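Before any comments, here is the structure.
We call the chains A, B and C, going by the order they appear; numbering starts again at 1 in every chain.
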Amino acid sequence: MITIKSPWLWLLAIVSLLCAWLPLMPSIVAFFDFPQWLGTLDSRLLLLLWRSIWMSSAAAIGALILGWPLGLFLGRYRFPLRSTYLLFLPLSLMLPPLMVAQAWHGLTGMNGVWASVFSFACCYAPLPALLVIRSLSKQSSASYDAARMVSGGLGLRLLISHTRSAAFVGAAFCFIFSIGDFAVPDYFATVGDLFHVYSSEVFSNSRNSDFTAGAVSSLPLIIISLAMLLGLLPWLKNQQQHTSQQCAQPHTVKHSMSLSMFCLGVTTVLVFAIIGRMYFETGMRGPLATSSWLQTSSKAFADAFSLGRSDMIRTFQFASIGALICMVVAPLWAFVFHYSSGLKRNLLFVILVMPMLVPSLSLGFGSIVVFNQPYLDVFYNSIWLPAMLIAGRFMPIAVLICINAFGSQAAAVDNSAKLHGLSIGQRVYALFVRNNWRACLLGGALVFVFAMRELDFAILLPAANQSTAVRYYNALHFSRDNFVAAFGLSICFILFLPVMLHSWLSKNSS
Amino acid sequence: MTQPILNIQQLCKSFGEQPVLRGLDMQLKAGQRIAILGESGCGKSTLLRVISGLEEYDSGQVTLEHPRRCLMVFQDLGLWPSHTSMQQLVMAAKASKIDDAAAKAKRLLEQLRISHIADRKPATISGGEARRLAFARVLICQPKLILLDEAFSSLDSDNRQKGIELLQEVLGLSSAAVIMVTHNQDDATQLGFPVFNLVDGQLLAR
Amino acid sequence: MSKIYSIICILLLGACSKPADLVIYCSLDQDLSEQIIRDFEEQHDIDINVQFDVERNKTVGLVSRIIAEAKNPQADVFWNNEIAHTIRLKSLGLTTPYAPATAEGIPAIFIDADNHYTGFAARARVIMYRTDIEVNYPKHLNDFLNSEYAENGVMAQPLTGTTLSNFAYLIQQSSTAEVVQWFDDVKSAGLGFSAGNADAMRRVCAGDYDWCFTDTDDAAKAVANGYAVDIHYLDQGIGKSGAMLIPNSICLIDGAQQNEMAKKFIDYVVSAESELRLANSTSAQIPLHRGITMPDGIQLPNRDYPVLDIPWAAVAAELDGAASTFQELFVR
């Protein structure tokens, strides 16, 4: 049904090739060493792999337990302080996982494997919650009301089945991000009993001068993540389609205070406790310090603004361009997936998600190998390179959200457009994007947030090196703890400011 | 003798192991209007989707003289949620390379007595208005063949009668051929269309 | 939506920049080195592009980047916060000789015989211990084997940074098997391990341990943050006493585009003035110029405490092998 004749699909192919596949090539070539690498698989590596798998699965389940009900309640019911919880929910995604880990250790003294699982669950619980809320905003009012009138239980069952795929996509991302992260397990290992995860092995291998060793040893993680995402695809496409133009709105419910208390509890775990602890850390000092807590904290914030300002602007630039590329290209990808099936669809999916699954370092080194050419110097040193890599790496997040949105759009909307002779561009941008701009914006926003947190290839690329993540981790390593807390909080609040303003203005105008 | 605008020979289509259309033959001349009757799940909608090109088929031949002038009114109308009525008509007309799209759209909205919803989006108009808009969007493209997929299935008896009257009114504005699929024989009888039965994947004249 | 696109378009316009006059890769703490570099930029009215490193994620960082960029070098100067990896770059033929005049007074053991790099402003590998309680801390590396010391102490895993260089040196002095055995023994004796030196320092500040094996700059930061701690220069000598000093090192990258300005920058950084600035910073780096007046609180190497002569080239040759050995040993 889809042919490559459309210029829009050529655009898709070229952008994807440039953003993701050219820098990926050196790693792909290295994958041919996998059989040889398998020969080195021993009990130590298998233990690491097993630990990574169960820890990430537990984190994903934790994210579901925290995020799914939160999303359901916030998306479907009205209760006291609902808008406040909705406002603060995205904030927790802006906190680097390591900061969440440090905050929880500072608050409770927790350590070890389960502390790591808990931190990941907290970090990524907003993903299922946000996706569930978005999915509920598209639920047919008629079908929900009909079920609710039969019984409250049936209404709830319908809510659960309607949001299931969105929640599972969020949890799948939690699994994928957790299994590739080693900073958090590394941190909890150092504050308690020492343990390691498989990604530590991948990063240790990447330290060698031959970076491809890291790429090869990451293949087990890539295969596991890929299988999980491929399994999710049919779910996403077979969303419950509704024909009504009316979407269900949040409604009041008995026990609204209990719901509010539940959401307060979860939001405290995900956001308030962490922010509070970080704020406390901005002024933390030893017993012999001559300055007060307030003086220490004020100096930390002053340093954060004066030293980090230009980094923030630069990071904002390349993260925005990356997110923008995703917002333009992801709906096209979603369109292609919607109309493909079987082997072709799975192959396309592998092509799409591979840049997100390979270690970030491999992608960074691949960019150096491919783009560090005398005739490309201007491009190599510009912010376009990190922007493109960000788009290539985090595109799957935006695409999966768009596939989900496409699946929930009534089939006749696009079918009628096709029969009327609308081009693919019109069908995607004039119809789908216009009708689902919140989904596209959410995809872009998530790409932006992940771009802000990206460290590994940021170190390797000229224009991304002076970024917030590099300054943050640099200060962290060199124990500028007050600065780290103040800088982290400043980034969060600067990112959060537009959200707050938007919320405040829309409240005042309504 | 006039050339058929639609010629179907030995059309076969299965979903997995389940055959739906089994060697179906059919011809339609310009301006000819027919109704296809059949039980739910017998393949009526599939036949329309195959004719319109929305669905691939397994074997046989489907020849449309004016493939770009074959349009469908869907069971759930398929209006574009983020466009006003006027925008829907203009966009459809432009895609079909119809000149003077805006003026024609305005005239059509007036003819169908829905000019008051010109600047409104589908979510803010009534069911009857939405149905008129769906027909208007098809008519503005000057179709040669209109496919109607269970056009009245979701309506109660009062509204069904109004729907049939609307369809008669709309079809009076066009000389297009029509294939209407329905599971309700009364619809076909009231419209005076010759009726064919779709049974076991074959089309049988009644 | 259109508003969002407009904002991003404005950002895109701001994304254009002209190429820098000098490109410096710097793995010393951004907080310490940035101002020194910006002052040079201002003095010469040039535009410097500085690229920093991060050790926290154990990334290959700037050294691997220089190796990967070898075909079309981007850096003019590499300012490394240690020395072994600079030697590795030299052995790969990625550096070019330059002898800064301002290095006069720095002992010859810190300067490459072929002038490919110059060492300056060092850190020492030390024991940092709490002073608010009575602490029995080790005075020699062999004391780590004694559980009386080990149970209350912590050190970084030797996977990266100065700790890796430290134990690569010990492998070079003895053997891989002996060092692996040493780690097995100190683990049995109850020694704690952390992700990095800063983490080890933090755990002592937090009261989890009484002492840690770390670098002087981490210890200096703990003091600056108001924690009751002090340092002891750990004797690591085998046969001969001495603490380990790890200097910063600076080198000219082969194929550097801005050769003259790059040389001026190297002169500026290895000068006694810059060493003093680093000594007076919160990281209290140890100046190497002979005859320099030491700031308060910094002890003079080979006067106040003995220092080991480290055969850095041989240590650098051990790095990769040591990293693999320790990965097998610790990443599990």
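Rule of thumb we're sticking to: a contact is a pair of C-beta atoms (placed from the backbone, for glycine too) under 8 Å apart; a residue touches a chain by one contact, two chains touch by 3 or more.
Source: prediction; values computed, not measured.
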**Asked** Hey, how would you classify the chain contact layout here, line, ring, star, complete or other?
**Response** line
**A-B compared against A-C, more contacting pairs** = A-C
**Fill in**
Per CA centroids, the chain at the heart of the structure shown is A
**Complete:** subunit B to subunit C, mean C-alpha position gap in Å, rounds to 76
**Between subunit A and subunit B, centroid-to-centroid distance (C-alpha), Å** = 43
**Item:** Separation of mean Cα positions, subunit C and subunit A [Å, integer]
**Value:** 34
**Prompt:** Out of subunit B, which residues touch more than one other chain, so two or more?
**Reply:** none
**Residues of subunit A touching subunit C in the complex** = 44, 47-48, 183, 186-187, 189-191, 194, 196, 200-201, 203-209, 211, 285-291, 307, 313, 316-318, 320-321, 324, 361, 365, 368-369, 372-374, 377-378, 380-384, 437, 441, 455-456, 459-460, 462, 465-466, 470-471, 473-483
**Request:** Mind listing the subunit B positions that touch subunit A in their complex?
**Result:** 52-54, 56, 68, 70-72, 74-83, 91-92, 95-96, 122-123, 130, 137, 141
**Message:** Give the list of subunit A residues in touch with subunit B in this complex.
**Reply:** 1, 243, 245-246, 410-413, 415-423, 426, 430-431, 434-435
**Item:** Complex contacts: residues of subunit C adjacent to subunit A
**Value:** 1, 4-5, 7-8, 11-12, 14-17, 19, 23, 29-32, 34, 49-62, 64-65, 67-69, 71-72, 74, 132, 157, 159-160, 193-196, 198-199, 201-203, 205, 208, 217-218, 221-222, 225-228, 283, 320, 323-324, 327-328, 330-332
